[in-house]
Every structure is written in structure tokens, then in C-alpha cells.
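The structure under discussion appears below in the form of C-alpha cells.
A, B, C, D and E label the chains in the order they appear, each numbered from 1.
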Amino acid sequence: MSRETVINWVLGLGLLAVPFIALMQGEPFYITLATRVAILALAGVGLNLALGLGGMVSFGHAAFFGIGGYAAGILATHAFNQEPLLAWPLTVSGSSDMLVIWLVAIAICALVALVIGAITLRTSGVYFIMITLAFAQMIYYFAISWPAYGGEDGLSIYVRNGFPGLNTLDPIQFFLICYAVLMACLFISARLRDSRFGAALQVARQNPDRLAATGIAPFNIRLVAFVISAAMTGLAGALFADLNRFVSPSMLSWHVSGEIMIFVILGGVGRLFGPLAGAALFIVMEFYLGGITEHWQLFLGIILLCVVLFVRGGILGIMAGRRVHA
Amino acid sequence: EPVKVGMITTLSGGGSGLGVDVRDGFLLAAKMAGNKDLEVIVEDDARKPDLAVQIADKMIQKEKVDVLTGIIWSNLAMAVVPSAVGQGVFYLSPNAGPSMLAGKGCHENYFNVAWQNDNLHEAMGGHANSAGFKKTFILAPNYPAGKDALTGFKRFYEGDVADELYTKLGQTDYAAEIAQIRASGADSVFFFLPGGMGIAFMKQYAQSGVDIPVMGPAFSFDQGILGAVGDAALGVKNSSQWSKDIDNPANKAFVEAFKAEYDRLPSLYASQGFDTANLILSAMKKADVKDADAFRAALKDAEFDSVRGDFKFDSNQHPIQDIYVREVVKEGDVLTNKIIGIGLEDRSSAYVEDCKL
Amino acid sequence: MPDAAPVLELKGLRKSFGALKATDDVSLDVRPGEIHALIGPNGAGKSTLIHQVAGSLTPDGGEVRFNGADISGLTVAQRVRRGLGRTFQVSSVAPEFSALRNVMLSVQSTQGSSFRFFRPVMRDRSLVDAAMDKLALVDLAERANVVAAELSHGERRQLEMAMALALRPKLLLLDEPMAGMGPEGSKNLTGFLDELRNEVPILLVEHDMEAVFSLADRISVLVYGSVIASGSVDDIRANKDVREAYLGGED
Amino acid sequence: MLLQIEGLQSFYGRSQALFGVNLAMEEGEVVALMGRNGMGKTTTIRSLCRIMPYRHGTVRFLSHDLGVMRPHRVARLGIGLVPEGRRCFPNLSVHENLVVAARPGDWSLERVGRLFPRLRERHSQSASTLSGGEQQMLAIGRALMTNPKLLILDEATEGLAPVIRQEIWAAVRELKGEGQSILIVDKTLKELMQLADRCTILERGMSVWDGTPADLGEDIQDRFLGV
Amino acid sequence: MTLALLIEQLLNGIQFGVMLFLMAAGLTLVFGVMGLINLAHGSLYMIGAFLCASVALATGSFWLGLAASLAGAAAAGAVVEIVVIRRLYDRDHLDQVLATFALILIFSEGTRWVFGSFPLYLDIPQALQGAVALPGGAQYPLYRLSIIIVGVLIAIGLYLLISRTRLGMRIRAGESDREMIGALGVDIRTLYTVVFALGAALAGFAGALVGAIQSVQVGMGEPVLILAFVVIVIGGIGSIKGALIGAILVGVVDTLGRILLPELFGLFMGPSQATSVGSALASMAIYILMAVILALKPQGLFAAGAQ
């Protein structure tokens, strides 16, 4: 087992252990914190697919995070108020079943990503960064000024959506759902990375001309990866909405795109468990520093700066050493 | 019986001045009361809804607070309040008053100690009538609070609207809007542009040489912000439920104590924080916080000396109060406000009927 | 053999960059079993021509026919799938992948769709074995697990050749394969190409005259974008214009 | 002594590329650095220009120890590099490429123009659109404009048409005639042997042979250069 | 709407554009020329505004404040370059993103610590108060006119600096091949410190100038940052001309969008709905503009070195 694999196991099991330890210590809040880490890590895992493997530095993943969130919020609201979502041409009602919501979130994010990707993937480098931001900002401003679902005030989910056979209001059970989804997506990411598709995707990042000269069109590969990436981040958004029982345009703001990106970079770009390590460190720092001093952002900044300057390749870079490509 | 209060407010980034004032007002009241049983923990939400939710969870689950308060912004309140009151704690709003929470979404554990969001705008509509304005140009940012503001203004305003403009949230340049105002032939301007937007608008308005009278809610003319707007604000009429020259003993004591403690003049937000703390203190005298029903009833009685004078709760647990009209004046070197009249008397909120309490 | 139908046929190809005619009405063909060398001064438009054949540049006019079909409208990737393999003038590999994984990518492409998401490639013997074969063919088997970025200049050229061969091309476009190779490397590669021509016809761009003269069945000389001479090795050596424009005083 | 390299060892990350290179040259000499592919010629040059750090050994240039200097200091001592792969600045014009790092001395725009008339014709063309040969001339001209005491040519004739190659060799010969010290790496032995005063051969990152071209027999060529 | 008003609004748009250029000028320099993604540009802008405001308050002179903002921002830039940025040139762009994001946090919170949570007062200098009469009767604030002039002068100055001076050549050479320009004897490290400090000074200068007509508060740099990036990406990275034209385009589209879109929708919708839809669309206008431009020209309008 390589050093990275060991660290991955430690990270994965460590996250799983936190809520149970918290429960034993009688500190249920840490369950919520662990859930938050799991969900935001999931958003990072999604972005990591595009950014780490495919080299697509999307500064607009908040769009998918937010759309996932709104999918959950809107469906739940309609279910709660028992108003149909669509009355014509066919009746579509809301839902408070997580499975349904996830499917909808994934489908909508994939669709939106397909459209955005088809346009944005013609650009590269900083232009790609900015055009993805542009789309996210459009959606952000749309959400702020669109009155139907609360606009800037957001939308509350009064009762957390349900999952067949589980009580989602129990923090531990909700955590386990999120954890399971995270692990499933990590597993999918790992398989993707090692698959033929993953090989092509990684070459699309390293040298797109080479990929084309091998008979594989980089555009198609990237587009599919972008869609999968968006779907995962959207799923995270749906879970995040359920965690907070609230969605608002702030989920769509560029700060969120930046934060997700920071989880990935902090953890180690392209490393499977990088987003988990990054999200955990960031959130724990935010949590502890916020409790200690009003000037916590200053210290957060200094710590982040030290990490970039002195730790090459993020947390996993320093713990697991240089990446090896067999 | 000790009461633990968790204050979630904005202490960093843009808009942190408001949070700082609410906190300082609150802590001042606690200090003046000298009640050892009131324990307050304060944390910064950085104006991020999800961070606010996280802190609320932490305060409820880990710190086991009895009362939450402190949130400045409506969108953060909407994120935190429903789930917090759902978990059985009390929430006392020292600033935001979204219509949802005043109407359909009201809750027995939610009290608003400031105002319903529309109140100050409504009062300005009332003032526009009494000032004799016939054609007012109104503008606000394009988001729910902005729309509520213009709706609120129009609710009592009887004249014509020259034009209605929604600006971009966070916009910093208003040359185009000012040109529209000049061209519209309006006899007055009503605007709601909170924070930096209002500062930028007022400065640019003054620089443009347009001299149509301007009015707005207190948010753009309050103590914390007046210094930054500068002389451009002189003479502007604004509406507020509080002013430092309201003549009652509680207010006098508050203003003096605040100046002594923090070496600056108190603001609207400081007064709201101050009142919130005193409301809690008054309830603590009457009931044990562990007895939720009794404590709720005690809060509802609101038997404390509000710095704004008479204060009582309507059935939706939002204040019924006078909204004053103030004018920006200069006292020595310092810009401040002076009450010139009352915009609306004993105003409750437009959404009371929707509330099933 | 010279009478067999050409594999590649260029008809009246034209390409300008602004006022510069980089390709000026070029027609030439490559027939089965032959090495057709394309020589010419620097900046004559040889790489530009290769780019147009490969599809990474769109010609302003003219036709590119491959195995009898017009492929002008196809993308780079589509042409490769039809059997048009190439190497780049400046080595182009996936720098973070090992030599083996670089070649595996080519093999993967010949096996069909890359939209297979689940099976780990390294456990796919059909990919690994075929790639190892190609690496052995270019004498790079020992370096199979070295990351491409760490290969020396010459080794990277060998790798690129292996990748091109792994595509099982029906025609190879080689842009200066000898560049950067030492005398020994050039000798080996010359021997290798000599044998290869029986399997795959080659369009060869090269400045190493020793290699060109020993390998080429036919030579075309490009100057200022147009073909000024075409013929056998001896024809070209004897051609006065070519000596002046390209070969210089060299014997 | 113009340049003296002793026991030079260099690394790319963790992998060692040079294991002990020795080389010495006098003012006015032309020295050829030879060896098969990947033997460390370019690495030696990069180390001596301090573009990459070296771990062991000493490099002295005009009795300055280069071990502690940053690249631009080394260059200012009088080392002019024509690197492998030309590396002209593509977004600068020919003229700008020449003057961007020029330092005063005998070599001026005019004199470079006389050496390479082609460059004078392309004066304001962007370097990215030059042909390979022109770029090579530009790289040499650019190095000369810094008025170096030592000119280093790394594979200056790679990828050039025979006729241009001859032009470059003629230019190098002209430089030698003027007493310019030159360190050359090149594939074509024939011209190199005519020009060089001395040769040093590298094998697996070590200098293994040193002598005049006349001493460079068939057996040595066969053993170290694979000819 | 009358034609005169339309023309006035067009002018407002152009003027807003030039102001955007002023904010973006330093960013173009650092981003286009050094290839560095500097998210902390907005923070330097904020520092400039705060320095100007506090010095102006203490001394009573806007001009002293302006000088302080130039000097202070340049110094801050130089320190940041030496301590942080210098270590990141040969790293991934992503490390630069993370590092400069951390700088935003540090600068914002540091500024709040030093200057407090409340907005500061900064007014336009006495000499530039008042308005000039435009042909056609409209009044135009003198200060805004000055900003336009300064913006255009900076554009010209930067253009000349980059394209005509040896310093500019070296910067551009360093952009394409840092190692090589060093090997030719140019002290690229110091050069980059100077360039970064210059970019910072421009940011600080813009902060001070624009701060006088907007609000000087913590967080004022963030919207500017995004807008500045939009501007230089639309124009094409590395092109000063592109940045200026991009800025004006953004300014005009934004301004006219705000004014015209609600009226446009008013033609076939009820007034309140039209205002609402029109304003919503207007907030998105510049992003739509950017997306359309990049979709059609993936390298921006005036990409340097596009093929």
C-alpha cells in the first residue's frame, strides 16, 4: 500500500469516527461539523475532477452547488406547500424524498453544465476561469432578483427532506448519508481516474494536442468530465441545502466558487482525497479561529499563506510525497 | 437563573460597522444592568448565511444558549431563525425584520425588537405626503429588501411616482441614475441604498449639482455612516424609530453611557442592540428561562424602558412604535440627526394579519 | 509498386498567413511502400504542410485525399482514427505520464471509444502488452516506467515514434524525427524507418541529408511554399536550383 | 584561465545528471563539448550559467567563483548563452530581441547586422514568425549584443537547412578569427573538428576525455560518440 | 427618453468605463505582463483609498493623501512581492490563486483592525469641485472629467512604457521566458518587484481617486476585482489597448443596460414587471457581454500573440 493510500484510509476513517466520538463525549455539534466537512469535501471532489484531472480551472462551480441547493429547496417547498411545481403540460409535484431530489439536482446540473461547458470549453487558461465565473455570476444575479423563491432572502426548508428507511433529522443518520455519498463519489472518482476515460482526461490537461494526435478529441472528453464534475458538486449542493435547511443566492456567489477551489488546492490538486483534507482543515480552522478572536480572518489568511508558501502540493503533497504516475 | 445569550453578528468585512454597533449597544446594556446571570457569547458571521447557520448550530448544540440574537441581514436571519426557533431557543432580532417572519412565517419564539423591514420606508411615504411632494423618484437595489422598500414607501405615499428604478446590488456608480433623476422632473427623491451604495449615491448626488430634495430611511444617514457621507448629507430627511435626541431618561442615559464607554456617538443599530439586551433583562426579572412559556410571556410584556419611548409588541411579536422623521444637521464639527416630526404613529406592520399567533 | 493508388494525395493546397504564402499550390502524393521526403529551407512551409495534412491547420484551398477519400472536413482526431499518424517537430508527449502510459493511450485509441469509465487501464493486459511491444520496438522498454518529462531529448523522440506506431497508422507523417538525435541515434532510426516502410508509407520532413538520401524513394523540394523540384535522390542532388536554395556547397 | 570547472555535480530534483565534470579553457580558445545524447552537455552549460544550481564542485570564470551568483550576475561577468532550442523571445521583434539585454562594447546592432544581413532585413518582424534558421541567427546575435567574453553555443545548427548551417559555421569561424572565446556543443563533428582548439567528451555526466582534435582517433570517437 | 439624455447616458457609460480602466490598469500590468493572477489587487485598491482618506483627514489635503496612497500602495506591493509573490512565479497558477486569496483575508482584516469598522470620509478636493457645462446644456462634474483624463493618460503611459521602453521590452521578454532573460544578464527578480510595486501603486492610486466619489470601506476592493478581471479578459490579456476598450465597452453596456432594458421591456410588459425583469437582466449584462465575446473570440478582443 502506498503512503498516499494509507493517508487516504486515515482521512476517510477519521471523518467517520468524529461523529461517534462526538456522541460519546456528548458534543453533538461536532456531528454537524463533520457533516459539513463531508458535504463541502464532496463539492471539492466534484471540482477536483474537472480541475485536478482535466485541468479545467472552473471559477464557476458555485453555480452547480447553488443549483443543486435550489433543486432541493424548490422541490421541498412545493412538497411542503403541496403546490405542484408544474401544472401544464403535465403535472409535476414537489418532493421531499432525498433520492428524488438528488436525481433532479444531478440531472439539472448535468444539463446546465452541458450547455455552459459547450460554450466555455472553447476557451482555455485564464479565459476559461473568467467565462465560467461569468456564467456563475449570471445565475447569481438571476437568483437574487428572481422573486418567486425568495430572491436574496433565500428559501427555507422547514422539514429536512427524508430518506427511505432513515430518520434524516437524527444528526448521525444524516451524517452517514452524506458520508456514504462522499465515499461513493470518491470511489467513482478513483475508478474514473484509472479508467480509459481518466487517462484521456489527464492527457487533455497535460497536452491536448497530443491527445488529438492520438485520435481522441479533447473537447468531448473535457465536456463529459465537466458534466460529471458539475453533477457531483450539484449533489453536494442539494445535501448542503438539507444540512442548513436553507438555500440562498449566497450559495451561488463567487466566494463559494473560490472556497471550493481552495479546498482542492489546499488539499492537493488532483489528489483523490485532497478535497477532503482541504475542506476539513479549512472548516476546522474557520470554526476554531472564529471562536477565539474577532480577527479570525486575519489568522486564517496567514495560515493559508504559510501553507501555500511552504507546503508544495497541498496537505497531501507534504504528507504523501510527490505524486507518482504509474 | 442564568441566561446564556448567543450573539451572531457581522464583525468582519463589508458592513461590519452595523454588527459592531449592535454588539456594543447590547454589551453596554448588560454592563449597565450589572446582572451576573446574563452571559453573552459573540461570534462573527462574516455576512455569510451558511456560516451563520453553522454558528447557530454550534451555539445551540454546543454552548446550549437559551437566546440567540445579533443578526443584521435579512437573508442571514431567514437562514438562521426558522431552524433555531424550531429547536426551541428564543430569537430576538436586533435589526432584520423580513416580511416572511412578520407574517406567514411568524413563530412564538421569534421576537423582533427593531422593526419590520417596511416600517421606515412606510414612514417616509407618510412624510412625503405631509411635506407636500407630488412627484417622487424612487430607487432601490434589485433584491427583495429593495422591492419591499419601494412597496413600503408607496403603501402610504399619495403622490405620483415619477419613475421607479432598481439598481444593481452592490453598484458603486450612479451617474446614470442621477441623470435620469434630473431628467424626470421629479420634485423629490426617495432612495433605499444600504451601506456603501448609499454613501456612493449621496456623494455623487451632491457632486452632480442636482438639487431635488432627497429622503430615505435612516440606514444611509445613521451615525456610523454619516461621517463617510460628509456634508453631502446635510439637510436630508430620513426616517427612524430612534434618534439620539428623543427626550426620555432611558435614552439620555444610553447616549451618555455609550459616549463614555466607546468614545463615539451611538447609532440606530446601537440603540437596537441596547433595547434587545434590556428586553431580555426585563424578562429575566419575571421568569425563569427554563420555563419557556413563562419567559415568552415575560418577553411579550416588554416591560422595559425602551430608548425610543413607548414600546409594545403586536400579536406577531413585532413592535408597535412611532417612526420619526429626522434631519441631518451639524453639531459643531459632527454630523448627526435631529428629529423634526413624526412620520407614522404607533405603526405596526403590514403583515400582522398573516400571522397565526 | 509505384503504380499502386496513392495513400495520400494533396491537390492544389494553399495556405496564407497574412501576406505570406506558406503553402502555395502544393500537389504531391505518397504511395504504398514508399518514403517520400519533403525537404526545403527553413520557413519554406514544410511543417505548415504537415499541419494541414494532419488537420491542425485549415487550408485556404485545395484538397487532401487519404486512401481515396477527401478528408478536408475532418478534425485532427478523426483523421488519426482513419489511420493518419504523426510525430511533432518539437516532441509532444504527456509529460506527467510514464512512457508506458503514453503509449497505452495510443493503443486505447485504436481499440475504440475512450468513454469507458470504470475498468482500470493498468489492469487491462490488452493495453499494457500492446504498449510494451511498441516500446520494445523503439528500444525504450527499459525506460517504460520513467515519467516522460524525465526522458532525455533523444528518448522522447523514440517515445513519440512508439506512440505513432501504436496507432497502427496507414500513413506516417514525420516532422524532423532525427532532430536532436546524435549520430548513433540517427543511424538506428534510419535503419528502423528503412524496415518500417514496408508496413507503413511515410511522408518524411528532415534536414539530415544523410538520412534523407539513404532513405527516400522520392524527394520533393519546397521553397517559399511551392514545390520547385520532385524526383529521385539522384535527380534532386543534381538539380542546380536545389543546390542553390537548400543544399549549398555541401557534397 | 578564462573558465575552469572542477568536479561539477548537478541534479534534476532528486536525480543526478552530472557526476563530476572538469573543463578548462583559455581566453581566445574554441572548445568543443561532446558526448552522446543525454550525457550532460546541456546540463553542464546550464549549471555554469547558474540557470540551475549545482551541488558540488567549483566553477570559476575570470577567477570569480560562480557558485554564489545569480544568473544575471554571471551573464554580466561576460558569458553569452545561445541556448538549446534557440529560445528567442517570441513576443518581441527582431530588433527588440537584440537590444533587450544589450550591454555596451564592440558588438553593436550595426556589427551584428553585418554578420547576419538577414536579421537586418527582418528588423521589425516578430520573432515568433521567423524561420528556424533566422531564429538561430537571432539567438547568436542576441548573445553577441551582450558583448560576452565567452560565447556558448548549444546545438546552434540543430534543425537547420544545410545551406544555413554553412552560414552559421562561417559566422563562427569569423568570430574565432577575431579572438572570441567560444564553447560549442554540436552534432556535426566535421566542422567542429576544423574549428575547435580542444575537445572535452562527456559520458554519463562525467568528463572522460580531453585533448586536441588531432588526438581524437577513430577508437575514441567510436567509444564515446558512437560514430 | 430624449436624444440629449441618451447622449448624456452614453457619456456616463464611457466615463464609467474609463473609471473601470483606472481600476484595472494595475491589474493588466501585473496579470498581462507578469502572468500573475493577483486576487489581492482589490486589497491594494482598498489600501490606497484608506491611506488617502486618513491622510486627507489628518492633514486636510487631498493631494497629500493621494501621494500617500501612491507611496503606501507601492510599498505594500513591493513587500508583498518580496515576501510572497516571488516564490510563486514558477508555480502553478492555482498556488497564486490561493496565496493571493489569503492576502485578501489578511489585508481586509488588517485594514479593519487599523482603521476600524466604519466607512471613512474622503471628499473630492476643493479645486475639482463643481461642474462644467457640456454643449447641450447638461452639467458634468469636473472631478469625473479629471478621472477620465487621468485614466486616458495612464493608458497612454502604460502603453508607451510597455511597447517603447527597454524596461517594457525586458518585462515582456521575462513574460515569455524568465530563465532566458536572466541568463542574458537582466536582473529579472528586481525588475518584477518594480513592476509589481508599480501595479500596486496604480491600484492604490485608483482606490484614492475613485474612493472620493464612492465609499471608503473594508471590502470595497472585491467587486472592483471582479470587474477589473472582466475588463481585461474582454480586452484580451496583456493588451493595454484591449483593456481600455474592454473597459469602455463594459461601462457603456452596463450603463445603457441599466437605463434602457427596463424601458425596452416596458414596451410589451406591465411597468412593474418590466422594471423587475429589465433590472435583473441589466445586472447580468456585463457577464452576458463577456460570455458572448469569449464564446466568439476565445482570446478576447485584442489578444496579444493570438494566432
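The working rule: a contact is a pair of C-beta atoms (placed from the backbone, for glycine too) under 8 Å apart; a residue touches a chain by one contact, two chains touch by 3 or more.
Keep in mind it's a predicted model, so treat the numbers as computed, not measured.
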Partner chains that subunit B and subunit E have in common: A
Selected pair, greater C-beta contact count between C-D and A-C: A-C
Identity of the chain that, by mean CA position, is farthest from subunit D: B
Whole-Å gap separating subunit A and subunit E, where each centre is the average of the chain's CA atoms: 31
Distance between the centres, which are taken as Cα means, of subunit E and subunit D, whole angstrom: 44
Intercentroid distance (Cα basis), subunit B paired with subunit A, Å: 36
For subunit D, residues contacting two or more additional chains: none
Multi-partner residues of subunit A (at least 2 other chains): 141, 144-145, 147, 295, 297
For subunit E, residues contacting two or more additional chains: 108-109, 112, 276, 279-280, 283
Chain pairs that touch, as defined at the top of this document: A-B, A-C, A-E, B-E, C-D, D-E
Subunit B to subunit A touching residues, read off their complex: 11-13, 42-44, 46, 48-51, 53-55, 57-58, 61-62, 74-75, 78-79, 82-83, 86, 98, 100, 105, 142-145, 147, 166, 168-169
Residue ranges of subunit C in contact with subunit A within the complex: 54, 56, 75-78, 80-81, 86, 88, 92-98, 101, 104-106, 108-110, 114-122, 145, 147, 163, 167
Contact set on subunit D toward subunit C in their complex: 12, 15, 36-38, 129-134, 155, 158-166, 187, 189, 225-227
Touching residues on subunit E, where the partner in the complex is subunit A: 31, 37, 84, 87-88, 91-95, 97-99, 101-106, 108-110, 112-113, 226, 229-230, 233, 237, 276, 279-280, 283-284, 287-288, 290-291, 294-295, 298-300
Footprint of subunit C on subunit A - complex, ascending: 191-192, 194-200, 202-203, 206-207, 209-217, 221, 224, 323, 325-326
